[in-house]
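For clarity, chains are labelled A, B and C in written order, and residue numbers in each chain start from 1.
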Amino acid sequence: MNGIGQGSMAREAVSWAVALAWIAAVLFILMALVGAPFGDALAAFLQNAFGGRRFSYLMATLSRTALIAGMAVSVMLSFRAGLFNIGGEGQLVAGGLAAALAALLLPGPPLFVLTASILAAMLAGAGWALLAGVMQLYVGVPLLVGSLLLNYPIRYIASYVVAHPFRDVQSGMVQSHLVPQATWLSYFPGTRLDIGILFIVAVSLFAVVYSRATVHGYHARMNGLSPAFARTVGLPVSKLTLQTLAMSGAVAGLVGAIAVFGMHHRYIDGMLVQPLYAWTGIIAVLLVGMIPWAVPLSGLFFAAIQTGAAGMERSAGVPKEIALVMQAVIILFVASRVSGALVASSERKAGATDDA
Amino acid sequence: MRVALSGITVRFGALTAVDDASLVIEPGEIHAIVGENGAGKTTLMNVLFGLVAPEAGTISLDGKEMRWASPQEAIRHGLGMVHQHFMLQESMTVLENVVLCAEPVGRFGFVDFAAARRRLAVVADEHGIAMDLDRPVGRLSVGERQVVEVLKMLYREAEVLILDEPTSVLTPLEKDRLFATLRSFRSAEKAIVLITHKLDEVMELADRVSVMRAGRLVRSGPLSATSKEEIARGIIGGELPPARQRTARTPGEEVLIVRDLKVAGRGGTVGPLSLSVRAGEIVGIAGVSGNGQAELIQAITGLAPSLSGEIVLCGRPIGNLDVEDRRLIGMSYIPEDRQRMGLALGATVSENANAGRDDSASFTRGPFLDRAAMAGFARQLIERYRIRTGGPTALASTMSGGNKQKLVVGRELARDTPLVIAENPTWGVDIGAIDFIHGELMRMRDEGHAVLLVSTELDEVLALSDRILVMYSGAFAGEVAGAEADRERIGSMMTSRVVDALPEVA
Amino acid sequence: MLDLLFDASFAASVPRFVTPILLAALGGALCERAGVFNIALEGFLLVGAFAAVVGSYFSGSPYIGALAAMLAGVAMGLVFAEFNLRRGGDAIVVSIAINILAAGLTTYLLRAIFDAMGAFSDPAIAGFARISIPGLASLPLIGPFLDGQSPLFYLALLMVPALSFFFARHRLGLRIRAAGENPAALEAGGVGRRRVQLYALMGCGALCGLGGAQLSIANVNLFVESMSAGRGWIAVVAVLLTRGRPWPLFAIAVIFGAVDSMSFRVQGLGMPQQFTDMMPYLATLVVLVALSWWRHGRTANGGTL
């Protein structure tokens, strides 16, 4: 018994080592292409991901973590329920836009404006996700396709809104006016890290409790593992789908609000799309196979890769897009280990394709 | 061609599927291999056909030892196999299916269909098979599809023909036709292997019989040297359980009433169908698979919408309700497909046992789950239904087929609803589990529940039902009382619409 | 206003938009029919567009550029095959990773090879000249659409009947269909499913590569970061809608291409760019919804559910 366990563990270790060697080889070749010194680049990477004067870079990593982990939790809620919602980006943009507009338009005391704006953002995110859900349930457009396609209209709507009616023309950039300063999320004392991350910590805790201990989470997971089973034993599948999507979208909307009030203090065209927060969130979930408590850590990991890569660019002249390549290669190597709800969902997607 | 298998052993993980099996298949003979589901018959033949690589043992053809790298090699050496689940492409025509993987190609790899057509005409003629080569297989009946499979083997000039449970989907008439073809092959000096679990067929057709049990070949010899009883004992390794005794019972009021129900199905509309099930009776629906049974059950359970008609459960019309509400009113459902519909294989036994329970208050506290109560309930089921599993936290996927099915049966029967729907409840499980499940269904009947049983195994329907409805081509071909059920009569109904005027079933 | 939209130059611009979508979708059809759920067409297109610029820049010939794009596409197909077919990764996960890989790799290499940020254009990039086929222009109605396009457009047009014939009559085409419909039967016949799917992926890569080449060295002579701009996704939708049948695919690609080209034209008439950019996606959604409704209507009347 013991021998078998050790043998398979050794095999596992070797296969991980081989994967790591492959990833290292890819990165080495890419760096060699730009003639960057490997050692310096690595040092710059680590320094910029976790170091800095008074850990300022670590703070940058953490504030990016907030957004990525938030998107990862949003995605996880859908994926665990077998809902292949890859429209997180659209829901994020809807939330960010709603938050900025609400803060610019609503009168009243700052705390009220902030609260109302965050709620508006969550509603907008939930609404955008529900749109994809309704299209799947009542029109027969597969969620995978519907949620993805909805990313584009909202992206352009947001772009139009901050380019024309709500543009801060004097700034010369395509961006909205600043939201009232009193609504900005405050920084942790002595740092440039805003308290938005606390919202994400709360959301992550909620997600863990929801997934493990609630009836709704249990039912959603049964639907994720086998949609046919969920239908057969009489779980309210349509309701589950819509509620889960709304929850997932609301979290994405919240992340958009945090980006507005904590990081940029306005809506800048492309600020939520270009950094690929939503896609990074998806791969953060895939990396750890949808284990709720591990998802935020996975988000931290990818945030570190991105800020580290930005540092490599500054210090060693390695284009920061190496981070994307790194993320993609990592996911390729762990892809075969992703199982469970996701596999079930891609089976269903095959079924949905038959319908569509 | 003479085939000899010697010392074949196959292991899947910890399970020994075939254990040191040796047998000889002679040309000009029909060799039946019998045994329960999971006894290793199919695995042994998959080894011969090159689909499974054995851990030990050898295959030899006419005394020459062979080692297959792929089924293609086995095919090249004259082996052919008709699998239990047909290996056909529904969207392709008969001709395309026949040539697939053995295509005669011309320039640039384009298929020479004309040459294939010519060659096929010759072999089909030889054995008296007629078939339109340009029809898509998706439009053929199950029996016709089997003919396509047989044509595939002939086209490849197979000398050894392996047929895995070929009659399980055939009507009696189609079965006779297939047997005639097989006899024609025998006189053409081909070797034929028939994998089956139906003893009557063995007695009718085989020259030689091999019996497998739990991966071992327990006996192999000429049919004339053995008897039906002896083979049966070999299959189960002891005496058969005694026939089930039926207690006389007057059925109560109607629990389920279906009136003029029409449902959309593959190939066309199913119905109009009318039936009723009363408290304390088992109504069996017999018929070859694919004659509308699945559509009927989906409409009753609410998994698919009906086009028209009425469904009444416990006095309430349920046609417009969803699955959840129908179950709450009083319906349990044991689905045919336990792997997808009956269970969530990636979830634990406890999670599976508690899904779909009506008394949610007993395992929840507000919005939260009471894991201890869930496990407690799972443990009750495990004990009550003698389910062999690692416990409530074991994954459902780790259980054997019979135990999975017992979990499904247990979960559904524990709900104690007025109506129980069982769809092929013993498909692919061992004899012990079959006996147990039959016993439970009988118990439900005796306790006054209404049971609707759909089964493609005529024996099962005959053994359990108080009344039998026969389904053919989307309609009921007739009704027979359980006590006076006659195999031949039901068999003829399974292949035709209403034979003689029967009272309206409702 | 309508005359402004539908004039000769509109006719000439439609094929420019149809070609990349059509080529990518035909590639996707190979995968769809082979049972490979490849939704990485966006990434395949992008890599093709980049490789075409590289090949053309260093050789001075657009044909070498197109060849480079094909090879790069095939390479992406091989990466997909390695991680999906051989290592058994989920197709959706592998697709998402490949799309991200393509975005990262092209931007990285743009800086590594050309030292350019965001976009790269150079006189040394040789683009495809438009070729005129005698007699084509004088065809009624469709003449203006067909004449004077890049060779890749004519190739794409030819590929529609070619692929259709390939699926119907070629040994590999037959096997690809079998791999998609009932792979167990293919295996039982002694043909490895994964080998067939590998060929499909390679063919898909080659076609998508050519589609990318149309974007970068036929429509324009430059490479811009993420210049595929969602066209790969539209191709994915087209493939799903038509279940990979070449002729319906052609029809869908023409609709999408026409909307794409129209949105480009309306922009010139003063509609905000954001709205015109949105049009192809809205059109895709509208087509999806319309088709789904139509199918639902049919199933309600007794078809298969």
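Just so we're on the same page, a residue touches a chain if its C-beta (ideal position, glycine included) is under 8 Å from a C-beta of that chain, and two chains touch if they have at least 3 such contacts.
Because the structure is a prediction, the values reported are computed rather than measured.
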Contact graph of the chains (line, ring, star, complete, other): complete
If you tally C-beta contacts across B-C and across A-C, the winner is A-C
Taking each chain's mean CA coordinate, chain B and chain C are separated, in whole Å, by 44
Whole-Å distance, C-alpha centre of chain A to that of chain C, is 28
By the touch definition above, chain A meets two or more other chains at residues none
Note: in the complex, chain B contacts chain A through residues 301, 303, 322-324, 326-328, 333, 335, 337, 340-347, 351, 355-356, 360, 364, 367-369, 371
Residue positions on chain A within touch of chain B in the complex are 213-216, 218-219, 221-222, 225-226, 228-236, 339-341, 344
Within their complex, chain B touches chain C through residues 50-51, 70-75, 81, 83, 85-92, 96, 99-103, 105, 108-111, 113, 264-266, 268-269, 304, 307
Within their complex, chain A touches chain C through residues 30, 33-34, 84, 86, 135, 139-142, 144-146, 148-150, 152-153, 156-157, 159-160, 163-164, 276, 279, 282-283, 286, 319, 321-325, 327-329, 331-333, 335-336, 338, 342-343, 346, 349-350, 353, 355-356
Residue set of chain C touching chain B in the complex reads 169-172, 174-175, 177-178, 181-182, 184-192, 299-300, 302-305
